[in-house]
Each structure stands twice: as C-alpha cells, then as structure tokens.
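Data first, discussion second: the structure below is written as structure tokens.
For clarity, chains are labelled A, B, C and D in written order, and residue numbers in each chain start from 1.
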Amino acid sequence: MTRETLINSALALALLLVPLWAYAMDEPFIITLATKVAILALAGVGLNIALGLGGLVSLGHAAFFGIGGYAMGILASHAQSYTAITDWPVLIEGTKSMPVIWLVALLASGLAALLIGALSLRTSGVYFIMITLAFGQMFYYFAISWAAYGGEDGLSIYVRNSFPGLNTLDPIQFFAITFVLLLAALLFSARLAKSPFGLALNAARQSPQRVETIGLSPYRLRLVAFVISGMITGLAGALFADLNRFVSPTMFSWQTSGEIMVFIILGGTARLFGPVAGAALFIILEHILGGLSEFWHIYLGLLLLLVVLFAKGGVIGTLAGREKAHD
Amino acid sequence: MKIKTLALASALAALGTAGLAEPVKVGMITTLSGGGAGLGIDARDGFMLAVKQSGNTDIEVVIEDDQRKPDIAVQLADKMIQSEKVDVLTGIIWSNLAMAVIPSATAQGKFYLSPNAGPSALAGKGCHENYFNVAWQNDNLHEAAGAHATAEGYKSTFILAPNYPAGVDALTGFKSQYKGELSGELLTKLGQTDYASEIAQIRASGADSVFFFLPGGMGISFLKQYADSGIDLPVVGPAFSFDQGILQAVGDAALGVRNTSQWSKDIDNATNKAFVESFQAEYGRLPSLYASQGFDTANLLLSAMGKASVKDADAFRAALKEADFSSTRGDFKFNNNNHPIQDIYVREVIKEGDVYTNKIVGVALEDHGDVYAADCKM
Amino acid sequence: MTDPQTPILETRNICKAFGALKASQDISLDLRAGEIHALIGPNGAGKSTLIAQIAGGLKPDSGSVHLNGRDVTALPTAKRAQRGLGRTFQVSALAMEDTVLQNAVLGALGAQGRPFRLFQSALGNAGLRQVAEQALERVGLQDHARSRTAELSHGQRRQLEVAVALTLNPKAFVMDEPMAGLGASGSKALTGFLDSLREQAPILMVEHDMDAVFALADRISVLVYGQIIATGSVAEIRAHPEVRRAYLGEDA
Amino acid sequence: MSLLLLAEQVLNGLQFGIMLFLMAAGLTLVFGVMGLINLAHGSLFMIGAFAAAAVAGATGSFLLALIAALAAAAAAGALVEVLVIRRLYAREHLDQVLATFALILIFSESTRWLFGSFPLFLNIPEALSGPVTLPGGIQYSLYRLTLIAIGLVVAFGLFLLISRTRLGIQIRAGESDREMIAALGVDISKLYTIVFALGAALAGLAGALVGAIQSVQVGMGEPVLILAFVVIVIGGIGSIKGALVGAILVGLTDTLGGLLLPLFFGLFMDNASATSTGSALASMSIYILMAIVLVVKPSGLYGARA
C-alpha cells in the first residue's frame, strides 16, 4: 500500500466517521456540512477527469453543475405543482424520484458538454480557458432571464426528492446517498485512469503528436473525457440542488467554476482523492474563517495563493510526497 | 403622546426580567460581504441598535453572512435551526434568498421576520402564519410610484427594470396603479452598467416621464448617464435607488428625483427622530431605509417578547400580529397575510449641506396593503 | 502482396509555400518495398516541411500523397497512421510521465483502434500487452518496461519511438533524424537495428549522420531550397556534381 | 425605429467597444508577451475606478483623478507582477488561473475593507457634461464622445508604441520568440514588469473613465473581464488589432442586439413575450458571435497561433 493509498483511505473513513459521530451527538448540521463536502467533492471528481487526466483547464464547469441543478429544479417543481413539463409531442411530467432526476441530469449535462466541448476543443491553452468561461457565463445569463423557472430568484423545492427505501429528509440518510455516489465516482475515475481510454487520454495530454501518429484522434479522446467530466459534475449539481432544496443561477456563475477548480488544487491536481481533500478543507475554512471575519475571502485568497506558489501538490501532494503511484 | 423608544424598551426589559418572558435566540442571516453588503450591514446595525437600546438581556442574536448566495443562506438556516437551535430567524435582504430559506424555516415551526424582502409568492397562496414581513410586499413601492405618476398627470411614461422576477414584478406593480399610456417598456440585463442604449430609446420614444427600478449599482449608473444625456423628463422610482447609502455615489444627478418609500428620515414622529439621532451617534452615518427596517423588526420582536413566551408559539404569534410597537414610520399594522398596511410616501432628493438625502413631499398611497393578501388563506 | 513496382509511399508534385518562402517545390518522391530511402539536405532545405506533409501535420498547396497506392492527401495524421504509416520524431514525443510499457501499450491500442473502453485495464489486456512486449523485445527494451520514460537515456527513447511505431505493424516507416543526439556506439547499434527493419517495412528517413546514411540507404534524395536536386544510389549521389557543390562540398 | 436612434445606438456600441478595447488590449499584450492569463485584470479596472473616485473626491479635479487612476493601477500591476505574477510565467495555465483567481478575492475584499461596502461617487467633469448636437441632429453625450476619442487616441498610441519604439520592438520580439529578447540583451524581467504595468494602467484608465458614468463598486471589474475574454477570443490572442476589431464587434453586437432583437420578435409575438425573448437572446448574442467565429476561425480573426 503506498502512502497515497493510506491517505486516501483515511480521508474516506474520516468523511464517513464524522457524520456518524455527529449523528450520535445529535449535531445534524455537521452531517449537512459533510454532505456538502461529499457533493462538492463529486463535482471536483468530475472536473478532475478533464483537468487532471485530460489537461483541459475548463473554467466553465459551473455550466454542468447548474444544468444538473436545474434538471432537479425543473422536474421537481413540476411534480410539486402537478403540472406537465410539456404535453407535446409526448406528455412529460415532473418527478420527485432521485434516480430519474439523476438520469436526466446526467443526460442533459452530457449533451451540453458535447456541444460546448465540440466547439471549445477546437482550440487549446488559454483560448480554451477563456471560451469555457464565456460559455458558462452564457448559461448564467440565460438562466437569469428564463422567467418560466424563476429567473434570478431560482426555484424552491419544499421537500427533498425521494429515493426508494430511504427517508431523504433525514440528514444521515441523505448523506449516505451522496457518500455512496462519491465512492462510486471515485472508483470509476480510478478505473478510468488505468483503462485503455485513460491511457490514451493521459498520453494526449503529454504528447498529442504521439497520439495522432499512432492513429488516434486527441480531439475525440478529449471530447469524450469532457462529456464524462461534465456528466459527473452535472450529477453533483442535481445532488447539491437537493441538499439545498433550491436552485438558482448562482450555480452557473463563474465563481462556482473557480471554486470547483479550487477544490482540486487545494487537494492536489490529478490525485484521485484531491477533490475530496480540497472540498473538505474549503468547507472547514469557510466555516472557521467565515466566523472570524467579514473579510475572510482575503485569507482564503492568500491561502490559495500560497498553495499555488509553494505547495504545488496541494494537501495530498504535501502529505504523500511528489511521486505518483505507477504500475 | 408617545413615549420614547428607549423608555419603552427599558419598560419591556423590566417586564422581561420580571420573569414573564423566555430568552429568545435570534438567527440573523444577512449579506455582510461582497456586492450588496451595504444593505445587510445597515439592516443588522438598525436591528442591533434597537436591541442595545432595549437593554434586554434575554435576547441573543447570532449573525451570519450569506454572501448573497442562496445556497449559503440555506445552509446557514439549517445550521441555525439544527445546531444553534434558534427560535426566530431574520435578516435576509434579497428575495431569491428569502424564497430559498423562508418556506422551509416556517415549515419547521420557526418564526421568520423579514426586514427587507417581500416576494409575492410568500404574500399570496404561499403565506404562512409564522412569516411576518416588517418591510413591504415587493410590489408596494412600485405601486406607489404608479399612483404618484397618475397623480402628477403623466400621460406617457417610459418604464424599465432588469430582466429578472423582481424586475418584472416592479413593472407590473407600477402598471397596476398607473392610468396613463406607456411610451415604452424595457427589460434590461441584470447587472448591466451601461444604459446608453436605453436612454437613446427613451429620447426617441417621446415619453413625458420615466419610471425605473434598478437596484444597487445599476441605478447609480443609470441616473448618472441619464443626467448626462440632457434629457429633462421627470423621473420616478422606488426608494432603493435613492437610499442614503447610494445617494452619495449618484450625486447631483439624483437631485430633484421623486421616489417612493414607506420611510424617510424626516417622518415626523418621536420614535423616528430618536432613531435617526441615535443611529448617527452610534455609527457615525445617517440611517438608511434598510436600517429603519432592521430597527423596526427588532422592536416588533421585543414587543412580542414582552407579551408572550416564544415557547408558546400560538401566543407569541398573536403577540407579533398585534404589532404593538412604535414604528419609525408611524402607523403600522399587519394585513391578514402578515404583510404591512402602511402609508407610502413620495420623497424628493435634496442636498443638505454636503450630504444628499430625501425629504417627504407627499403621500402616494395611504394605509396601503398588497393585492396578494386576498389569496392568502390564513 | 504488393506489386514490387508500385511504391508503398509516394508524393506527387507536392508544392508548399509560406508567404514568399517556397518550402516544397514540385517534390515527387517514392519509397519502395524493402528499401531504405534517405532524404538529406542542408538545414532549412525544407525536410521537416516535407515530412510533415507526408505524415499529415501539414497540407500541401498542391500535389498529392499516396500510401499503398491510395490517395491520402485529405486524411489527417491519425487516419494515415491507421493506414499503416509509422512515424518517429526527432525530438522524442513520448508520454514522459508514463512507463515504457505504457507507451508501447498505447501504440498497440492505436493499432487496435478501440480506445473508448472505459472500464477494462489497459495493462491487464493480454492482447495489447503481448503486442507491446513483443515490440519492446524487438528493440531490446524489455528490461526497462517498468521504468518511467523520462528516466530513459536519449538512445533508449529513440528505441522506444521505434518500438511504438512497430506496434502499429506499419506498411512504411517515416523517421525524422533517428540518429540525432546519439553517441557513436548508440548510432552504430541503431544502424544495425534499422538495417534489419527494412524487411518488415521500408523506411523513409531524414538524416544528417552521413555515415549512417551511406551505411543504410538503398537510395538517397537530396533536397536543397525546397527542390529535389538528385535521387539515386549511394554511389550515384556521391558522384553527382551538383550534390557535391550544393551539399557535400560544404561538408567537406 | 428612426434612423437617428439607430445612429445613436451605433455610437453607443462604438463607445462600449472602445472601453472594452482598453481592457482587452492589456490582457492580450500580457498574454502575447508573457504567455500569462490574468483573471485579476478586472481588479485593476476596479482599482483605477476607486483611485479616481478617491482623488476626485479629495481634490475635485477629474484630470488629477485620471492620473491617479493610471498611477494606482500601474503601481498595483507592477507590485503584483513583482510579488506574484513573476513566479507564474514558467507555470502551467492552470496555476496562473488559480493564482490570479486568488488575487481577485484578495483585491476585492481589501478594497471593500478600505472603502466600505457602498459605491463611491465619481462624476463627469463639468466641462464634458451634457449633450452636444451632432450633424444630422443627433443629440449625443459629450462625455461619451470624449471616451471614443480617448480610446482611439490610446489605440493609435499603442500602435505607434509597438511599431515605432524600442519598447515596441522588444514586445514584438517577446511575442514571436522569447529566447530572442534574451539574445538582444534585454532585461527580460524589467520588460515584463513594464508590459504588465502598461496593461494594468490601460485597465485602470478604462475603470476611471467608465466609473464616471457608472457605479464605482467592488466587483465592477469581473463582468468587463469576461467580455474582454470574449473580445480576445474573437480578435485573436496577442493581436492589438484583433482586440480593437473584436471589441468594436462585441460592442456593436451587444448594443444593437439589445435594440433589434426585441423589435424582431415583436413582428410575430405579443409585446411582453417579444421583450423577454428578445432580451434573453440579446444577452446571449455576443457568446453566439464568439461561437460562430470559433467555428470559422478557431484562432480568432487576427490570431497567429491557436
């Protein structure tokens, strides 16, 4: 077992034990915070596939996070008001079932990622950063002016959506759902990195020329990675909306994109558990610093700056050392 | 004759220590950082001033910053309810944050006292017995602006607001009380800073007056650019763009503009005079609309604490509903949907020495409630 | 089998200009089965531009490229690779963070052409691994399979380049200065290896190392200022007056 | 719709575009020469506006305020370059994005800490206030006309600077070949600081000029920053000419889109839904423009490299 694997296991265990402890102590808010960590980490795991594995610095992942959120908001608000989403050409009704909502969130964000990716991946480097940022912003403005679903006010869902056999309103049970999904995404992402696809994608990041000369198209590899990445972030968006029982265009804002990226960097770029460590650290900081000063963003900014300049590997890189595990 | 707030509050406090009242824990979620922090800071300062003046030690206020983000607000509300175990929530400035927090808070049996936002969804069918709005229903000031435009005899008004629900509501509110024709109607981008295009359209439209609702920086930009354009049509709008905090940034461009508000620092009553003086003494600046609303919210709460225990929800609710406190706005009572029935004034922007401020020039609507109250089954 | 008369790889009247600079002027070249065809010329003669047009990185302004008798001018690099064009680079273009074996498996994956498998293990796939290991063995890197590519020496990286190209089981090799940066002994070893490779597929190579060129090449083409001034056997080129003046003369 | 209104809107689009150019020019220079993506460029815009408002408030002079804005933004730019940005040139774009994102947080909240949460006052100077009548009877704000003039002068000055001066030669050398400037015997780190400060000063100037007709507040820079990105994507990274053309295209699209789209939908929809559909689409119009340019020319209109 490498040191990184040890740290990863410890992180997963801590994320599980803290809410259980809070459950025993009757501190439901701690469970809510842990749920938030799990969901934001999931969004980060999604972005990490594009960013860490594919080297695609997307500053527009808020688009997928928001689309996932609105998939939940739209379906649930129609179910809550007993109105159909559309009755032509086929009748589509809202739903309060989480699995259905997740599926729609995955599909919708995947489709959006396909469109944005197909255009943005024609470029690379700084262009790609600026274009993804701009597309994210386009969704933001669209959501704000989309009066049918609340515009800037967003949509409130009064009761959390349901999952067969569970009481999702109970914080610990909802946490369990998000934790299992996070683990599943981590497992998927670990396998992906070792798969033929992961190998090719990783090589496309290091040497696109090489990938072309062996007969593969870096563009298509990246596009598929971007779509998978967007879908996972979209799923996280749907869960985040369910955690808050609320969606709003804020989920689309470019600061959201920045924050998801911050999780990855705080935790450690291209590390499997980087987003988990980063999201946890971010939430803890927000909680502690936010209580200390109105101006806590200054401290957050300074910390982030120090990590980027001097602690390149983030939390996991600093703890596990520079070397990365290899077969 | 009315007694001074200070005296009233200490009398209440005396009652409190006499053992009638239970300690009350208040959770205040408001915007203290980022854009729009000025509003939250004023509401908080007004609220805390009233608490301080009351001398009441049975009230504990937990204050948290929502950063104007709905998701943060929801999590703070969860934290305050689940972890801090507060009895009463208050403080939210923005309608979208209010929509995210209030329905679930009241559903969990907490009281919510709104010091600023009054979205229509919570005033009509979505009203709740534990939700009290101490400011206004969102449409009120716009309706008053419409009434004022009608009273002034405007025949063709050009109206504009940002393209988001509160903006659309503002235009609807104005139109409901306005009897003239519209020479143009525009929905602008939220957060837009350049209004050259809109101003050109106003110029070309042949309007005789302009109504706008552009809160925060948007209003500042619009007014400056409008003044510079040389168009000389009268402007009317709700108080949000003419508030004490903002006026200094608009400067001369705002002079003479009529705006509608349920409060003004020159409303002639003892409570208001004492409030304006003590706020200035405490914080070194003139109070804003939001400060007055925060102050009134705290006094409403204090008045109810003097009458009933917060643990007895029915009694406490009844005590809140009586609105037995002396408001900075003079007469104040609750409608059937727990939203205010109050006078709404027309103010004009003036310059007092070096400071831009407002003075009352008339009443736009007297004892005005809101149209949604009829839909509220309570 | 391919008719020995039809060239495996061929350019017909390729022209390419960058503004006023004519990098390729009416270039027609061919590569026949079993041969090593060396392309030489002074720096700035347009060798890299020509190689890029053959491999697919650049499009000629006019003229065409044929692989196995089929016109591939319109195809991108990846498609040409799929049709059997194996290429190595002057400056190693390998995945430096990955292991040697991973790089070779990547080649095998390219040859297999099914990269969108998300759940299998790449290194656990027996088919891919066998092709990769055979290629590594062929170039003599089998003992370094688990080393990280960045740790390899210059010569070993060059060997790995060839190994990756081998996994594709190509119809023709295009090699850009395979000897560059190698010491005398490394150069000698690679010369011996390439000599044995021509049976598998013919090689078109750009090379500055004249000893290697004269030792290996069946034919040599000389490129000067974007034009082929001569093509012929080693002896013919050595004797060619224009070549002596334009190229070898400078060297001597 | 009258021709007069259209003409006025074209002027408005032009003025908006010119201000975007001042932002985009600095960004594109910094990227062209140093290969750095700077998200904190919007903060320098804000610093310019705040410095101008503070100095105008203290002295009453708009000219002094502009000088202060240039000086403050250039100084902040130079300081940040020396302390932070310098360490980022050799880094990946990802690091640059994050470090400059962190700078936004620090700048925004520090400004709020210094100046408070309310917007500041900055007004148009007396001499430039009010409208003038242009040929054809168009009434147009003198100040906005001045903005267009200042922007064009700055653009012209930049062209001269880059094509005629020693610094310009160094900048061009830096854009095409970084090793070459070292070979020319140029002190690279000094050149980088100067270019960064120059870009910062342009942003600060834009902030001060725009601040006089808008609201001087924390967070005013980021929306402009994102538009400047769109401008650069359209114009092509590193190209001053591309920045100018892109900025004017974006300015005109945004202004005319907001005017024409609701009218267009008004042809076959009722007034209210035409207004809302038109406004919604208008807010997306510049991004659609960007997408079209990307499909046709992925490296932008004047971009050398993708």
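Here, a residue touches a chain if its C-beta (ideal position, glycine included) is under 8 Å from a C-beta of that chain, and two chains touch if they have at least 3 such contacts.
Worth saying up front: this structure is predicted, and the values here are computed from it rather than measured.
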Chain B to chain D, fewest steps along touching chains | 1
Maximum centroid distance from chain D, chain identifier (CA atoms) | C
Report the inter-chain centroid distance for chain B and chain C in whole angstrom, where each centroid is the mean of the CA atoms.
-> 75
For chain A paired with chain D, centre-to-centre distance based on mean C-alpha positions, whole Å = 31
For chain C and chain D, let me know how many angstrom lie between their CA-based centres, rounded off.
-> 48
In whole angstrom, the CA-centroid distance of chain A from chain C equals 43
Can you list the residues of chain A that touch 2 or more other chains?
-> 141, 144-145, 147, 295-297
Contacts with two or more other chains, residues of chain D listed in rising order | 108-109, 112, 276, 279-280, 283
All touching chain pairs, where touch follows the definition stated at the start = A-B, A-C, A-D, B-D
Listed in rising order, the residues of chain D that touch chain B in the complex are 1-2, 4-5, 8-9, 12, 15-16, 108-109, 112, 116-121, 123-124, 129-131, 139, 141, 143-144, 210, 212-220, 223, 255, 258-259, 271-272, 275-276, 279-280, 282-283
Residues of chain C touching chain A in the complex = 55-56, 76-79, 81-82, 86-87, 89, 93-99, 102-103, 105-107, 109-111, 113-123, 125, 128, 146, 148, 164-165, 167-168
List of chain B residues in touch with chain D within their complex | 33-38, 41, 163, 168, 185-189, 191, 193-194, 196-197, 200-201, 203-204, 216-221, 224-225, 227-230, 245-246, 248-253
Using the touch rule from the top, collect the residues of chain D that touch chain A in their complex.
-> 31, 35, 37, 84, 87, 92-95, 97-99, 101-106, 108-110, 112-113, 222, 226, 229-230, 232-233, 237, 276, 279-280, 283-284, 287, 290-291, 294-295, 298-300, 306
Residue set of chain A touching chain D in the complex reads 51, 57, 59, 119-120, 122-127, 129-131, 133-135, 137-138, 141-142, 144-147, 254, 258, 261-262, 265, 269, 295-298, 300-302, 304-305, 308-309, 312
